[in-house]
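In the two complexes that follow, chain A is the common piece, with chain B as its partner first and chain C second.
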Partner chain A sequence: MAQRDARFNQHVLVDTTPMPDHIPKVEEIGATSAPLFSAAYFIGDRCKAFNDDYMKCKEEANGRGEIECLKEGRKVTRCAASVIKDINTHCLKQFKEHWECLENNNHYLFECRKPEQALNSCVFDKLGLKKTIPGAPEGEVPVHLRPKQKYAQFPGRQY
Partner chain B sequence: MFNQKERVGSLITVPTHVTTVTRSTSPFLDFEPIALTPNPPTLPPSCLRICPQRGGYAQVQYKRNLPARGFKPWVYMVGMHAIMAYGFYKYFHGVREQRELSREKMWSRLYLTPLLQAEEDRDQVRRYYADQARAKALGIEDKVYNSERFIRPTFAITPSNVTQ
Partner chain C sequence: MGVPFEALLPYGIVITMFGVTGAGLYVSKRFLNEGKKPRWNSDLWDRQMMERDLRITGTLRGQSSNHIAPKGFELSNPWKIEKRIY
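Here is the complex of A and B:
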């Protein structure tokens, strides 16, 4: 009886049982942190309604949101996946440059303003998605549009 | 210094006192200290106790005859304030930029949160249903918690060998 040792082995702990059939399948987003971070504002621009819907569902589910909000969650994932797919189709070069820059610069957005500018203009032209920072003070240039970045390694004009 | 000295033919004792000033010639001092020598023994009759030296004392030199170096003091004051004002100016602008950068980062995370949460929830639900199926196969029908809420399992039942 006492010979059952605890096993702290991640390999065995992975439960590979698939989702039951009565729940519709959805492909996971499958992107790593840097591409997601790079595309976050476009995801937010296109999928705001789905995101808010999902978060509201979770809040109102009173602790049962994990099961009850699966449908909304699928919508969120599909919408985000559609944004990533569209960016990959139309602006792959700029997108890749930006998230690789983020990857190499500790995810500091202020180090990557030049590729970000290229990505933003491309996405706006092709997809119509715009990066806006909510709550930024009025009458000031938003920080992602400032040519000089005080905290970048080169604090002068970035592009 | 007040070594009393009795004078011949008088009942009054007169202290010998600070009188003559002589100059020392030390090469290490930029002012000249005063050396004190006792009063000469003869005194005017009206002046029996404490009297000035005959002919008065020499001027005591208390000033240092050195040139004042540097600028006027108010120049240093104004300069210090100018440097501090410039530093604060740069600091406030830096803080404002930092605030905007953190706002940008925060909102990017806020836009991603539902996506990440949905993925995590789906994974938890999948594990939950798998656990339910295993429990059912073992013939356990009990509810673990007396609650309707979804609770992430504290303990996981691990298969004895690697599945898949």
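Here is the complex of A and C:
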């Protein structure tokens, strides 16, 4: 394997064979990139245990994780879908405003702090999920709570 | 002594032509991106997510926040393969 040169992937293969019946079914997440990005921190808040479990399984499977970690992967998918479903049920308006803003601004979070504040407070009130940035420095205001954003098109206070 | 109006004609032409190109680019880019601002500086992750959006919604910039994918989505996932397999 090691002496083989890296090659670009120039072909794709779409395999329409369904999964065999002995593997339990899971419904895939239907949210596209902007709603997923908008809900990412809430998914991380609720599903941290499942996600870490899946990553640990993949790491310990020595390259066979795609087959051996199917069970953990289903848990990850179901948990993320439950978060998206809950946000859609309780905070649809704020959620829609935020991901439409993201989609219109090249998926830059710093352009959309105002809809993000509304979404964060709504999700915290209704679902109890809080946005925290992992690994952010201690003792400073986290970047998503600062009213002025350095690289945003609008230089003043966003909310 | 006033400036003759013929001296200002080229400025009018310059401003109009720059305006035409600017407005034309704005309109055509918005049209190509379904009324949204175009994506820029997109890396491999962004491009593969846009490809996934295309498989879910059927349009390049379409978005959907459903928690369950449409039927058949799980079978449309492309595998990347190399030209030659040892």
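Basically, the second predicted complex is superposed on the first by the 146 of 159 C-alpha atoms of A that agree within 3 Å, B and C clash if a C-alpha of one lies under 4 Å from a C-alpha of the other, contacts with A are read in each partner's own complex, and residues count from 1 in each chain.
Assume a residue touches a chain if its C-beta (ideal position, glycine included) is under 8 Å from a C-beta of that chain, and two chains touch if they have at least 3 such contacts.
Every value quoted in this text rests on a predicted model; they were computed, and no experiment measured them.
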Original post:
Is A:Lys85 touching the first partner chain B, the second partner chain C, both, or neither of them?
Top reply: second
Original post:
Which of the two partners, first being chain B and second being chain C, lies in contact with A:Thr77: first, second, both, or neither?
Top reply: first
Original post:
So, A:Gly63: does it touch chain B (first), chain C (second), both, or neither?
Top reply: first
**OP:** Considering only the touch criterion stated at the top, classify A:Lys96 as touching first (chain B), second (chain C), both, or neither.
**Re:** second
**OP:** Return first, second, both or neither, reflecting whether A:Gln153 touches chain B, chain C, both chains, or no partner chain.
**Re:** neither
**OP:** Applying the touch criterion given at the start, work out whether A:Val143 contacts chain B, chain C, both or neither, answering first, second, both or neither.
**Re:** first
Original post:
Between chain B and chain C, which makes contact with more of the residues in chain A?
Top reply: B
**OP:** Figure out whether A:Asn104 sits in contact with chain B (first) or chain C (second), or with both, or with neither.
**Re:** second
Subject >> Contacts of A:Thr32 with chain B and chain C, given as first, second, both or neither >> reply: second
**OP:** Report, in rising order, the residues of chain A that make contact with chain B in one complex and with chain C in the other.
**Re:** 7, 9, 11-13, 15-19, 28-29, 36
Subject >> List of chain C residues in touch with chain A within their complex >> reply: 36-37, 39-42, 46, 49-50, 52-53, 56-57, 61-70, 73-84, 86
Original post:
Touching chain A in the complex: which residues of chain B?
Top reply: 93-94, 97-98, 100-101, 103-105, 107-115, 117-119, 121-122, 124-130, 133, 147-150, 156, 158-159, 161-164
Original post:
chain C touches which residues of chain A in the complex?
Top reply: 4, 7, 9-19, 27-36, 81-82, 84-85, 88, 95-96, 99-100, 103-107
Original post:
Contact residues on chain A for chain B in the complex?
Top reply: 7, 9, 11-13, 15-20, 23, 26, 28-29, 36-37, 40-41, 43-44, 47-48, 50-51, 54-55, 58, 62-67, 69-70, 72-74, 76-77, 80, 109-110, 133-137, 142-144, 149-151
